[in-house]
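Input: a single structure, listed below in structure tokens.
We just call them A, B, C and D in the order they show up, numbering each chain from 1.
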């Protein structure tokens, strides 16, 4: 915590501002308050100028390492585009798919990215609705994960098309051929749901961003100011504006939650509507939603830890946040365990030959290493570690757990997509998928894009919603301790 | 104001240029295609409507009738000729693939001379030069000319070759290819001569048989006539006579026939004759309610003392099974015994073949009735037309001896590829080195053409004239017509025409070969045919013969059937366990060579359809497999896809292990067909040639081999998911019920 | 003139099928099915609209290969149809066939995933008809380019040609006027083809006579296939 | 007094937009007109002359009734008449020159269909669709050109009006 950097401005004429209240005289009380401020961001009230600076300083000064990273990531993005072009020119056969495994890494990435795109909305909208106050500083980091993960997820169905140059046939537009897309196909439900979710997420994130952009506008000059001026939409921070803002946020929060649930349910229908063993399951809707939230929470934890360490956001991101997120992850892990158990048990009990074959393949066959790794990463490790608060607040440990959860959830999608497809009703046509260089490069490239877009975003827009922090601190003061209210009033 | 090239201006013009390029790109000039009408339309061709021409398939010696779909001068599809008595509209995979021979991208488009044999330095020459060279060489050689041909050459070419060689005093053409030799055509004829007094190939009325015991004969495979026996098999199964036939297959490695058999018995390689003899002995010593009491009497003519246990130990067929075979064979109304081609590759080939044919002799063939075995009939046609007569391996060795002795000045190779087909030990290489001039008529440079001095590319069968006399597998006298169905591609000329032209200059030959071209020759032959089922009276014989695809007797003429078979006093039967070549310790496995059902003896290897289609039993394409029993594989520590070295006393090849559940554990099976060095882009560089494992003797089916791993592994180009098919679903059988 | 509605049906007699592979090559020739190289086949990209699945029954020495020709089953209620987002795979109301409109296909490959018979084949690359081999291509069938799914059509070009001819001549189709390439070439006559709506057709008669032998592949999935298989029989002696 | 004018930046943007629009419009126009334009033919064949003489379409395009293709007249058919009819006409002399060389005239196809469309003349001509429905009044064309933009919507338009519409809009009717 940058305690020593806090410079105290001179007291105003109206007395001490609310952020400069002296500690209680009683030593025991003073100690308690110091402890409480250390632990809780919302109690640790500081001068707004300082808080703004905590946020803006790391945005302004970039290390050489940052630029090197940007160049490397941009190289990765170019590699993605080049490989995509190569794939489009030569044919999708450069990928390792074959008969019968027609979907592989691209669809895995699609499902995975849609999945991690869930956490943003969940943390910002659902936790907002449920009034989890500690979510305040982390909501934007999560929403940003959603934005970029979703945009990459939306690209994958195009990458995986055999004739990508005909992608517009998937869109409903009037044409002389009198042909429309087929709404029988889950592949059209997908874009509908995803585009709805994507546009809602953009608006939701943007609305929450407006006051902070206005803050940036007020603290910058020249071109940057012009830039922020455009996006700030003339925000001045009047009561009326805040009231509108609040209403809009609430409306979106309530509205986007069902969309969020529907999106991954619909993604799951891509699979559960099919006749394929390992796919044809009624539990897939909620199972996919939980899986998405699980991996998404993990992804947000990773993003937060990296942001905190690289952008010096120790003031905003405190152990309490990681503690909360980790507890969420634990709950989601247990829920995932339940759904997976359910998804496993039903076919096991039914005992259809092809399901049994698939289960044998996963338990003792060639894919056993993947299956056990998935179970260990998704069920065992969170359950063993996250019960302990020490681990939940130890960033190194939490980072490792979150990464393992990503590995586990990615493997889960691999097991669902290419591994399930490898088995079907006629043993003559079983098969296997072998990973090839092009899809590896495209996968790496899109993740490079995701990270690059994310880090550039963090340098342009405040990744901590400062207004939410201020609001939270103020509300907290109002709600909790009477004398803060007095101080607030005196500050005005 | 003077225009200056500033950066801004430059950009402006560059943009304009780019815009113009984009505009030009929108107006796609390749939108237009040209339509070239016929100058003089062929009267039977309508634009957009297919025309079908009848001809004869030449992908194997069986001689199925085909019709070819022609549109705009291109051959699009081959189908069986529905009128043709042999194949009744049906065709096998190889017959379907014949189009790719016609349109093969590796065909020679002109005669070439090669500077230095095997150098592949070809120089295209004009036909006049090629013909003159051939003429000069033939004239210089006098009677020291030899002809090596393949069994699927047209009858008229064989006829012309025969007349030419006899006119100039050279020895008769030697007809040899592995397909024929591995099916034992020559040996069978000898046996039939000895047993029935007629050197003809047997025909089996499979469709009307009730009990069939096949001693390793792959009836449904590529050997005899896959299409004919396929049709017959359909009848055999559907029970045209009110019952479903019963097929027993004895063989060490399951073939297509074995897969469809009702009883498959993995007999020890080479011991089929012993089984046949045991059945005869048992029939002679037992008395069953046989429909024909004479059967026992006839069996006694051959029979010797029977020791069931000894036979069982030697053959791997248990005494119970032997008794069962004997009983069903003796009690059946129309039983049939079919010898496999593999029997002819044993050291004492004729003994085993005789034992099997003796079973047919014992049955006695009810005169005129359905079922049983018959021998190809002789009639007036056989004086007019000829069928290339396969030579035995010994005949071939005689020819090679002559070549080595320098007694052959010019060697003509037509329709065969001996460099690929003959085992190294036969010494063809040394023999060829002693021949001053080798002329090949191959349309595609194969291994033999690569060793030739002059290549005069022949036309493929879809562009050339000819006929084929049906044999084997058919008991009606049928001549199948062959005509060009498309305008010949390239500057290729038919070998018969070339030979007729050359013969004009050789006085002795000119006398017997006076025709201007092969069509004149064919017309003269056909004109002498009697009235047949589809041919009209004399004026239109030729046209209708071409239109309908051949000549066959009118429906009234019943199949001559088994009645033609006359029995001589049978020779005594002595079948002994064959001695396999190679030390059992050093070479622990029997080698089972079999003819690939798609690539045949290798002649189909240059057709991508055949190469890329999965073999029916292994589902592997493009590769040479070394098939062994899974138990054996485990014992010697190899697994699927492992590259192994197969070595025999005569040579060694590399192949990929394929564990094949339906074969004896003491046997290694390899299919022929792959391992070409030349023969076009699709054939070369795929697999290896198992004929290299065979020594320089006729006993190609009695070789021992060893299998050693090279430690490398490859991916099989396989269609099935092998572990899935082998293990399948837990507790669930074949999905086909 | 009202156009007739056909219910094209095929019967595959497993007792007669010898596994010879003639149908496979005939189909390649008729339908411009590209040939795959050794490397592509090792990558599980073999392409044969009709394939002969070979299973093993029993253990050595009582083991035998069993053949099961499998091609598009032309399901009445096809799982592949509903998942195509662009109607490239759809059902023909006239012919009761499961159509694949190549030029509409965008290559999502969902149909192959959802196809329990795995009889759809994807063009991973542009087909490689080398040089002069293009001369053979059937002008009645589209040559599929990279990124397109293809499958057995019951030789719909032959069906259409026969129908157009019949329509032009003002006659109706007779049983046997339409024969797909595989049925045409099958030596043992294991394949029979015809219009099941016509009670006098060969298929209708065969199904009546052989009812106890007939089954449909994976019928339990409810796909209502148009291909009936006749079980292999057995003889005892 | 100065009128309020567009800023130089704004002007540049407007010019850029106008240029882009013009180029796009030109491209579309070119594409559309080019689609309908008559291609250059090796011989200046005049359908109008033939039409005025009362020669039926099916006389030359004689397989339209029996085949999916309408067919182009063979050189022998051209010369069958023009050996005697108007042999001195310079255009017919050009035809005769091809005939003398025994070469076909490389006509350029006017109505081009994509290769995945299978149109059958036979099925249409025999069921009451006249040539003019699709090819326009060729009898009055001096240079044959495409009249109808033969795209799928146009085909369907007619097929949907037929009594057998459900069957005639089946994909397999044209695509196979």
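Basically, contacts are C-beta pairs under 8 Å (C-beta built on N, C-alpha and C of every residue); 3 or more make two chains touch, one makes a residue touch a chain.
Values in this document were obtained by computation on a predicted structure and should not be read as measured data.
Counting hops only between chains that touch, chain A reaches chain C in a minimum of 1.
When the C-beta contacts at A-D and at B-C are tallied, the pair with the greater total is B-C. Legend note: the chain whose CA centroid lies nearest the centroid of all displayed protein CA atoms is C. The greatest centre-to-centre gap from chain B, using C-alpha centroids, is found for A. With centres taken as mean Cα positions, chain D sits 57 Å from chain A. Inter-chain spacing, taken between the CA centroids of chain B and chain C, is 29 Å.
Averaging Cα coordinates per chain places chain C and chain D 37 Å apart. Between the Cα centres of chain A and chain B there is a gap of 67 Å.
Among the residues of chain A, those in touch with two or more other chains are 179, 425-429, 431. Counting partners per residue, chain C has 46, 51, 53-55, 68, 87, 90, 104, 218 as the residues that reach two or more other chains.
For chain B, the set of residues touching two or more other chains reads 719-720, 725, 728, 735.
If touching chains are joined by edges, the resulting network of the protein chains shown connects every chain directly with every other. Only residues 71-72, 74-80, 87, 89-97, 99-100, 102-105, 107, 211, 220-221, 226-228, 230-231, 233-234, 237-238, 243-247, 254, 256-262, 264-266, 328, 332, 489, 597-598, 608-617, 619, 621-623, 629, 631, 661-663, 665, 681, 686, 714-720, 725-726, 728, 733-737 of chain B touch chain C when the two sit together in their complex.
Partner chain A is touched in their complex by these residues of chain B: 719-721, 723-725, 727-732, 735.
Listing the residues of chain D that touch chain B in their complex gives 23, 26-27, 30-31, 34, 39, 63, 66-77, 99, 102-109, 112, 121. Remark: chain D residues 151-154, 156 touch chain A in the complex.
If you check the complex, the residues on chain C that touch chain B are 13-16, 18-22, 24-26, 28-30, 35-39, 41-42, 46, 48, 51-57, 59-68, 130-139, 181, 184-190, 215, 217-218, 229, 231-237.
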